[in-house]
Structures are given as C-alpha cells and as structure tokens.
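For clarity, chains are labelled A, B, C and D in written order, and residue numbers in each chain start from 1.
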C-alpha cells in the first residue's frame, strides 16, 4: 500500500538549499502537489510569490543521508491553467556574437493558449509568418528540481549542478525516473519551473512557462552513491552533466555514464568505452542558463543483452 | 536523363583544398565511386595511401562559383569489406580531467566483423563484459567530406569548418542531402572517412572505420549563398556549426538555422525565434576532433504548415 | 579619527552568504583580525574549523543596501606562522587531456618554511631538481573574500561570482582597494584563504596556504551600483570576471571595465573601445576553481590625462 | 661573420603553407626585409596585395627537416610609415553577449599618426572623451608569423596553431627569440601583420596596423623537437598555446612549458609542478582571432638557480 500525500504548498524557495522541510515522507510515498510557474504565478494566474523558478518543497525523505541516492518517479506533470508564456527572441549567447545586432532588442514575450483537454499549445498572437503554425502538442516537463546541495549551500534556481536544479532538459517528463546524490539528511527534494513545451537548449530563455499539477514518488536507495543526476525513461539510461562550457557538461555526463555502467551493469571502463563509442547518444538540455546541461545516454535494450 | 560517372580513384588527399580536379561533372550528374578508410586501407584491406581521412576527389562541379551553393545527395553509402576498426578507449578530453587516470593507457583498438548482407557489425574479440553484445545494425555514414575552402587554404582532414570536413556526424547517411557554400571555382567536392556505425560525439576517436562504396549526385544552386553546411534528411532541415568549444558550434548552427528559415521560408528572426524556441532540436556530431560539430534542426512538417 | 576594531573570530563559514553578522562596523572603520588557512588551521597550526576556505566574518557595514558599493582597503596581509603548504602536481584540467597520464597520481603536497622576518618562502623538502631553488619572496594575498550574494544564496567558498569569493588572484595584496556590489543589507563582507605566494592560475590548486593577520577598512559608496568586483592597486584600475570558460570571464571583465570607464571617467563605449583596444591588460587570476577569474585593467596614468 | 640578406618582397601570401621559397638562407643568416600591413598596404601607403595579414617570405632554412626547431631572433621591428589604423569598437565576442546591443554598429576605424623619430602614436581624430589622450609610446610587434604546417596544409593568416600564425601577442617584439617546430623541409618561415602598438587580447580586432621594416636571423636547432612555439625575451622563457576556448590555449601553453622545463632544464614534471605552481605567469595574446593565444612563462633568473 502506497501512502499518498496531498500537499498544498504555501511557501516557495528561489534557491535549492537546506530549507525547513515542508513535508516528511517515507521511501515509496507518493506526493500530489502543484508548482507555480517560473515567474511565481499559480494555476489561477495569481502572482503569489516572487519569480525566479520558485520551488515547491522541500520534501524530507526519511532515512536519506549523505552518500545515499534519492529517486524521484514522476507519475504525472500536467499544466493546470490555460495560458503560458515564452521569451520572444533567441538569447544573444545562443547565436554568433556578431549576429546579435541582427536580432531585435531581445525584449518581449509570446503568450500561448493551452488546451488542457487536447494537450496542445497555440500562439495567442503569432508574429508575422507564424499565423498558420497552429497547435503544437504538449510535452510537459519540469525545468528545475533537485536536492539540497552539500555544505549548507543555497544555490540559485537560475542554475544547476550535481544537485540538479535548473537543468531545463525537455526529457524530464512524466514517466521518467531521476536519481540524485543525497548531500544532506533527508535529501530535501524541491521542484518547480514547469514547461508545457520546450525546444532543445531553451534558447529563448524559457519553455512555455506554466503552473503544473505534479504527482511523484520518492524512493531511498540506501547506500548507493552517485555523483551526478541519473535518469531512466524506459528506453534509455542517462547521466546528466551541468556546467559551462557545454564541453564540460559533456565531460561530466560521459564520466557519470561510464560510472553507471560499472556500478549498475558491471562493465569496466574498457568495456564501457567499447559500448559507448558506437552507441552513446547525447541530448542538449539547455544552453541558456548559467550552467548548461548535457545528457549522455545509452539504450536499455543493449544493456539487457549483457 | 542523368549522367552517371563511374569513378575509380587513384590518388587521395588528406587535406581539403584547391587540388587538381579528379573529375569534372555537370549539375545533376551522379558519381559512383569508393573511398578508403580513415587509415588509407581500401576494400581489399590494402594500405594504398597514407592515413588521415584520405579523400576521394575532388570533383569539379561545372559552373560553380564563389557565392553559389553545392548540393550533394547521397544515394548510397555501403561498407565494401568485412572488417572495421574502432578506438579502444574514450578520449581523455571527453571525460572529466581527473578521471583520465581511471582510464587505461588509451591505446589499442577493437576490430569488428561486418556482415555486408545482414548489415550488422559484431566485435571480433569483445572485451570482458561485452561477450554477449552480439550484432549491432549498421548505420553507414561519411565522417569527412566537403568543398575547397576560400583563399587557397588546404585544411587538414582532421578538422572541420564552414567548408565541411571532418564533421563526424552520424546523421550524414544515405538519403541525406547536404549543401555547402562554394568558395572556389568548381566547388571541388571531396569525400572519405566512412563509418559503418558511430555513436554521438565519436568519443573513442573513431566510428567503425571502413572503406565504402558511395553513390551520390552533385547539384548547383546558382546564386544561392549560405555560410555553413545545411542538410535535409527528409524529416528535418538542419544547419551545421563546426568549432570549439561546443558552445560556439551551437552558436554557428543556431545562427545558420535562423538564416535558413529567413532565406528558404521567409521567416524573419522574430518569427524564427518563436518557432525555434519551442521546436529546435540539437544533435551532437563530434566532441573529439579539433573542431566539434553541432547540428541545429527543425521538423519539415512544421515548416510545411506556414 | 578612524575607529579600529580588533576582532577575534570564533566561528568560520565555508560558504559566503547571509550569515549572522560577526561584527557591525561603520563606513571608514578599520578591522584588525586574522584568518585560518584554506584547510581550517590557525596561526598555531591547530585545526580549529573544517576546511574549504573558511571565512572570517561576515562584517556588517552600517547603511549598506542593495545597489550600493562596498569598498575594502587592505592595509596589511601578513602570514602569521612559519609553515605553509601547496599542492604537489599541476591539476589535470590545466594541461592537455592526453598529457594527464604523464603526470603522477596528483596526490601529495609540499611544505614551505616561511621566514616571517625576511618575508621569504623555501621548500622544506624540495623535489629532485629544485634543491637549489632557495628562497622566494612572499607576495601575500587573499584568495577568497567577498560579500553575501543576492536572493538568500549561500555560495561555496570553492567558487566565485559577481559577489567575489574564491577568485584566487595574486594581485589582491596589501595596498589594493577592491569594490563589490552590495546585494543584501549590510553587504556582509567575508575573508579568508590566505596565500603567502601564488603563481598565476593557481594551477597546483593552491598558493602557499597559510593563516594570516589582516588589517582592512570598509567604506560605503552610497548609491553607486556596479556589477562585478572592481579594484585599484595604485597603478591600474581593474574589473574582475569570474566564470568558466576563461573566455566568459574575459567577457565579464571587459564589459565591466567599459562600464567603469563610463561611470567613473565619463568615457562612452566608443571612446572606451579606442582606449582599451591598444591599452588594456589582462591578468589570469585562477584557472583551477569551478569558476575561473580574469582581470581586465588599464593604467591610471592614462586616465589622468583625460 | 654573419651573412646578411637584403630581401625585397614582391609576392605575399595570406596563408602559411608550403609555398615556393622566396629566399634560401643558412642557419645564422640575417635577413633585412619589410612587411605590408594587415590590409596589404606598404610603406608608401600603396595597396600592393590583397589583405588578410599578407606574409613576406617564405624563407627556406637550409638543412631544416621535420623534427627540428627553427629559431627566429628579431633584431628590429620598425614601423616604416607615418600612419596606422585600428578598429573602432571592441569585438562582440570580447564582451557579454547581452552587452553587444550597447555597442555601436561595430564598423569604422581610427587612424593614428606615428612619429617615427619619437616612437609614438597619436589618434588623428580622437573620439569625444579622448581629445587629451596624446601620445602613446610604440611597442612594435609582429602579429602573424610562423612556419609551414605539416601535411601540405595551407592555413589562413587569420588563425594560428602549432605552426605559429596569427598569434597577435604583444610580447613578440624586437629582442625576442621565438622557436618553432619544423614540419616541412626548410621550415619555410613567413612573417607579417605588424602592429605599432597593441593591447592584450587585440580586442578591437587590430593593433595599430602598419607596414614594418624587419631585421631578423634564423637558426637551425638540429634534432631538437618541440610541439608549440616557445620564446625567450631575456627575462622569461615562454610557451605559446593557440586554440579556442582560451582554456585550451592555457592547457597547450602549460603543457609545453612543462616539457620545456624537462627538455632544457632537466626538471621532471613533479619538480616542474612545484616550480610553476607558485611562479608561473600567463599572458593573454589575443582573444579575437579564430584561435586565441595564451602564453605561459617563468623567469629565467629562477631557472638559473637550479
């Protein structure tokens, strides 16, 4: 029997850190809650908290200690209002520096109408040229979530690291399991920054920013130590690296995937090299935030042969 | 009626430059030829030319002048011998610097048996742990191809740039069309460095290196000027950026994709921003070579709505 | 008349954040205090607090509010014990990745004898080849100091940012004035991580780590807003950028120096460009820490002509 | 007795490559010649060759073979006309991406009056704010010089690499000795791109561009193999790394300096680490060109103690 907590948030954090736990849960428990959007607007479009990817939580996982792994399983991530917003221009640092002058002033935003039944988004006032773009199917995800970092740090929800945070990876959707290293007692899981849809890279600085209803479970992997977030979407196992430049994010992710293959599948780094050389896949999470996110992954079907 | 040239190469180049044309062709002509592998070994396993991604060609496209675009359509890319080789270890620069000491000496190689009928590759002597990996399906591609660069340059086939070159992108397979800016008269198209299979990033420094039979056509897009290679695989239109760090490759590719949307689809950069923000996809070509390769792409089905 | 505070620290922080003020001072006040070394050892060689660049403070500057500038003037920075320690090997990320295997295991340390009278450091057990290196003159500096960052963040003393932090720049010595943006009430100035000597880049991961006696003053520049740390060493005015890659640190520093020229010397960016183009100097602070530090500077003698 | 060649160039190259030798010289010979400026203008202000850092030479050093070292000693580098030109704006990639919009259009140039007697440069039409800047003393240098690269490459004079090229380092002045790896028979030394003055980084894309009279000698260091350019300015020995990002240039330079210490001074990398850790200095050559330049150096006075 699974314990299900219906959690109504009343306070939000724009850093991920060792904040007062909002709720204590046991390994395996499920939490149903909601998140405001990146600007602090809730499902009624009310501005209830300052912007900056405000987080719901943190959730204290009983028994979690430094050196353990906290697993989150996202059961559902659903936009809970009918409008979302995106940036109007690709960010200057995602194009050639001399091309920045060819873009506009960088200001402004686009609003999107969200059809919660059909699961689609459509530009409210499409800029000239996109009048007939029409509906895009949702791919709801969370941009920013993770656990309290080590050493009493409180890290801005603008950025990311070993603890997760603002990874802005479009692959973090319902059905995905994400593991985090535990740095403090209880792990202290935070979540927020929902996107109804987002391109790779988050190059306009946003996905379709929207408040979300989220249902997830937390599990404790006692005694299992990892260094960077890992994930499983049913098809791939993944490791996430967060850093700038993207080259360094790639290095972190590749290294963690080699460790995963050793730890979970018994492959030493020679075998890991031979496998990944021809079979690794990289995804680009974001190339917008202070730390970029790279994902290294390999098919589970290949690992099942071994 | 298409003119088909059967071209038997006798000389190979390890730079891409303004070399003596090996064959002159008209726009629309098809060429059937073959390439040695990256080490200079041909379809019989004979070492016929020094290694370093030796190129077949160059092919002179009649009428091509600086400011035009040369289009290559790859009809088939097929391994023509039963063995290929890969590097044994992930490269030091693809993992965390402190992790390099955890890898082996970095030397050595793996040989793969290629079943040309079934289109599969299998490790000849799998390292411990991969004994049951079995067959991997081919995804034959060319790692290095492109046109002579401007200004009399002769650029090593180890690296890449606006002219193409050693992009090592696994998406460059049969069925794909790739466009290059023309920098010199005749364009001077070179090709080589076939891989029966390759992971994203080419992190062991190789794909499954093998000689190839290749059939392709060259078209002249007179008066069309582009800055970086572009491609079309039937599902996506793409722009390629080649540089280090990967961040800069991403900037080149994103910028060129915005230009493509303007030039080919009439979208100004405001509309391009709104579309790409939620719909762009990035692929990682290589993170091994002196210049890394990033691919920015967007679905053709979306563009057809506009 | 200057108020002088003799401050005896009893508690140390390994993050820079909105910690309880250790002392409240008025603008212009002078503080005499001491710092433990990066490992938490004091002037008696006692391990009195956990390592990680533990900070003395924070000092609350009366009247300082977000948008102001906090100025620190370092009057003296003096090693207060006769031994210091350095890392034994250059860090893997400061050499070519393939060269890492040519270095040793990266472990170990060197101890240095400090002659506090003569102001010199000498290797206690020089590795073979350095037996006759002899004495090196001190150039005492602080590696890590700064103000509480915005938004309730608590940032690890391993890294740096707009708030200062672990910049590890050898130019931050006695006689230098450093300005910081104020992000929180009171500014909350922290200091620690003394080095008797350090090369550019801090490539072995340390300077000669030692506890210090420090005397400094804090001034409030009411209503003056800056974005990144700035400094004045009598000969140069400087702006500091902290980021990875070093390219981005250079961008931050160059931008802030252009702003400084406008704000303090009335030069618009056109004039700033003409001046800096031929007269800017860059220093490399560190290329070891999570964020690298670059310093952009220009001679005060040139500015005095204008 | 030194052989002195007075060489009058008639042809210039905008790539560094295996071009027809312009003159053959023996080890120890001195050459007196001149260079056009980066735009192809000579000492009379005549436009005699296309721009792009056109090179005088190449000079064939008798006996030089791959694996040797070619040494150039610059005896004098003197502007030979009374006007030079600089870019008007700092380059977009040297400032924060969002700050690019705060700069002007990036176009335009400044002309400088050069007083060849006094050795000073003064803005012809100073932008507002710099009217009283007055004279700046020359520090004449060459921005682009080097030897033919391996493998038949011809590398654009816009960029740099192991072979030297467009390093744009202000430390390359008269009195300095620079060593290059020899990649082809005769080494094939090229030189050009004189700057009467240049800031660190070359952030406006130019120094004060001017034609030069140059006197230099070439020496053959038979059998000595190096990987990257090295230099000696009397006070420091140096190693140069050319790459992007600057982090990689730093890695190349640091690695080559460790090799230099081993090869020329018998210090293994453990001793090299201990020395460089506290004594290395870094200079920033350029952060403008396709490859950035970093210089790692250490005082000769320290090495003489060993």
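Observations on the model:
Definition applied: a contact is a pair of C-beta atoms (placed from the backbone, for glycine too) under 8 Å apart; a residue touches a chain by one contact, two chains touch by 3 or more.
Here the structure is a predicted model, which is why all the values come from computation and not from measurement.
Chain centres were defined as the mean of their Cα atoms; on that basis the chain farthest from chain C turns out to be B.
Interface comparison, A-B against A-C: more C-beta pairs in contact at A-B.
Chain A and chain D have centres, each the mean of its CA atoms, that are 47 Å apart. Distance between chain centres (mean CA atoms), chain A to chain C: 34 Å.
If each chain is reduced to the centroid of its CA atoms, chain A and chain B end up 32 Å from each other.
Multi-chain contact residues of chain A (touching two or more other chains): 93, 97, 244-245.
On the side of chain B, the complex with chain A involves touching residues 86-90, 93-97, 99, 102-104, 110, 121, 123, 126-130, 132-134, 136, 197-204, 206-208, 244-247, 250-252, 254-255, 258, 265-282, 284, 287, 292, 302, 305-306. Those residues of chain C lying in contact with chain B across their complex are 91-93, 97-98, 100-101, 105-106, 245. Across the complex, chain C meets chain A through its residues 14-15, 17, 52, 151-156, 243-245, 248.
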